[in-house]
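One structure coming up, written as structure tokens, with questions to follow.
Each chain carries a letter (A, B, C, D, E and F) given by its place in the written order, and its residues are counted from 1.
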Amino acid sequence: MFIIKKRFHFSAAHRLCSDAMSEAENFAAFGKCASPNYHGHNYVLDVAVTGEMNPLTGMVINYDELKRIVNDEIIEALDHKNLNMDVDFLRGEITTSENLARLIWERLAPRIKGARLYEITLGESNDNIATYRGEV
Amino acid sequence: MFIIKKRFHFSAAHRLCSDAMSEAENFAAFGKCASPNYHGHNYVLDVAVTGEMNPLTGMVINYDELKRIVNDEIIEALDHKNLNMDVDFLRGEITTSENLARLIWERLAPRIKGARLYEITLGESNDNIATYRGEV
Amino acid sequence: MFIIKKRFHFSAAHRLCSDAMSEAENFAAFGKCASPNYHGHNYVLDVAVTGEMNPLTGMVINYDELKRIVNDEIIEALDHKNLNMDVDFLRGEITTSENLARLIWERLAPRIKGARLYEITLGESNDNIATYRGEV
Amino acid sequence: MFIIKKRFHFSAAHRLCSDAMSEAENFAAFGKCASPNYHGHNYVLDVAVTGEMNPLTGMVINYDELKRIVNDEIIEALDHKNLNMDVDFLRGEITTSENLARLIWERLAPRIKGARLYEITLGESNDNIATYRGEV
Amino acid sequence: MFIIKKRFHFSAAHRLCSDAMSEAENFAAFGKCASPNYHGHNYVLDVAVTGEMNPLTGMVINYDELKRIVNDEIIEALDHKNLNMDVDFLRGEITTSENLARLIWERLAPRIKGARLYEITLGESNDNIATYRGEV
Amino acid sequence: MFIIKKRFHFSAAHRLCSDAMSEAENFAAFGKCASPNYHGHNYVLDVAVTGEMNPLTGMVINYDELKRIVNDEIIEALDHKNLNMDVDFLRGEITTSENLARLIWERLAPRIKGARLYEITLGESNDNIATYRGEV
């Protein structure tokens, strides 16, 4: 079994808040992460793919092809953006790291050809890291 | 499947030795790690939790709640301590990284509510890292 | 000569823009860093202090005292905030890393007693790092 | 379940190319990684082992014994070498990170006694990391 | 005083050898770094610039402009190359990290406008790092 | 001007306490770092050397020679030891990071030949780092 992981970086603003809760409830649930004018992170995104090794090339997936897909679908949309305001596929979503990992999975999984998405890991800091493995 | 990981740090002294062995046997088994007056490490502890995402909050577990539990149960007991001498729940135990990971698991697992402990990873350096997954 | 460095972290939103320039000029000057709804970073702040070693304690400055000062004056004000909107001592300032380093210096320098501030280093990412050394 | 991981480093030259392809095909498949006079990396090798904890020693495997095995079998053969030219057990192989991980697995698995090899992870940079888990 | 540092990465092959010495002398001087078929590294290059802060932009130098210059002059020439064979401005030079830092300084210094090159730091690994400060 | 830096690691136990103070005064001065049964760290030691580049070898100092000197004089004496009890040249000294940096300087400076010691940097964690530059 092979797992190929490529690391990406993006810097974005966000705040944690749910439209289904009042501001007071949001602060109770999310603490300082609900700060109204946003804060931000240097996110670290690890995209892991699994599959068979092509005996001709010795590769499961070409790192450059994976890079192109993730840059096109994710990094260009999220980097130097406000995750609560600027990103179509995050509209109305809570921007916790686990939910972002899930939504990035949903967007990337159909784009990986000849191999399968294995897991999405998103760190909003070195200390807080979420992993999502969906159905493929 | 979601895995939420939070990283903790503590600095502690220890030595590897078993009460069931003589000093000569301890040195044969543990080498310089048996040095009698202790040495120490900046330990890196990764606590990983799994569970369902609460659709209201977008969270599997609140990082702040996880932080409070691990600080209360583990970090306060181990940080700036001698692991062989100062810690009640390590009394009589060999302080290898794998055994420490197991003992931290035993202590934390019953305290995680609404989600399940997934794995405990304890690095005594960047090069030596032990992971334990117990029954839940 | 002794230099004592302590590292701090804060997560904040910002955008680069100058009130003296039009939006078009801001984009020309700052590129994607001028993105209107803010982006953000995990900032790494290194506070370096110099002075004589107290022979009684073996310390130039107590790390805990330095931590208390920087937390009180800087981290509490900046962490999980919008640097362009939420911080009194950054009002009207351009939030480039070099200007932030300078403004943090101005705020911290008079608070360090028994030693002198040596330099402020602020990294907005692992790749972009600014250092400021002012007059003391 | 215990997983013991030890990290190793080696610096080596390589290029990606397959004897089954022409130079033009190699460039089409591998891009700049096919550069003819080689390039190189500081490889990071993580060797993970699983097994039962010996109650007498509190260890799954002795880190020092693991270190000796991996140094003897792998690091001495690969460090400061050209992976395409200098290494017997890589002769005729494509030196992608996933194929190297597989070949290192094949070489190490029979040498681990009293525990089982769990996975081999080989990073050719912080961004490109391959994992292989074989049969044991 | 401001110092602006930007970090770059390139992967390259090299060997240490001097045309003025025999192979035996090269091995005596450089040990395994003289290995004949080359080895390689992930080099980390820090380019530090000093100057006045432009009050209109809050910048000493625009990180994007610095990035463009260093990519054009250095990274494109060195990345995925053999430093002993493929690079015009390294022809006949010994590729120690200190000499590379000096040669990168010579090439970059005249290209920095409106600010001055302050120092070049080149790490061939996390453990071996050379800094050069030339005349400006 | 060239600065050559080599990084070393050692793991040791210590506590902060001065023979000139009572236990109560030690706790007042050093807080949890005075914990009586010791704690410990993975210390990171950066040894920086300056000098002219030898045109024949392209080196200021041979990294391997520097490694041998620092291993012989420092690492062998400190690694896996108790800094308050086990080390001759630390006898009676307060083991703060700044004082350790000073004492390592005193021990290493006369051993560096053909180049000059530039600075000693000792980190007891990623957050607390002391630098000492003495007379040469």
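Note that in this section a contact is a pair of C-beta atoms (placed from the backbone, for glycine too) under 8 Å apart; a residue touches a chain by one contact, two chains touch by 3 or more.
On a predicted model such as this, the values are computed, not experimentally measured, just so you know.
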Pair from C-E, A-C or B-D with over half of its contact pairs in common with B-F: A-C
Fitted rotation between chain B and its twin chain C in degrees, CA, nearest 5: 180
Homomeric contact chain A-chain C: same or different residue positions, threshold half: same
Centroid distance [mean C-alpha coordinates] between chain B and chain A, Å: 28
Residues of chain F touching at least two other chains: none
All touching chain pairs, where touch follows the definition stated at the start: A-B, A-C, A-D, B-D, B-F, C-E, C-F, D-E, E-F
Complex contacts: residues of chain F adjacent to chain B: 9, 11-14, 32-33, 35, 37-42, 79-82, 85-86, 124-125
Complex interface listing, chain E residues touching chain C: 1-8, 53, 56-60, 62-64
Residue ranges of chain B touching chain D (in the complex, touch as defined): 16, 18, 20-21, 29-31, 93-99, 101-102, 126-134
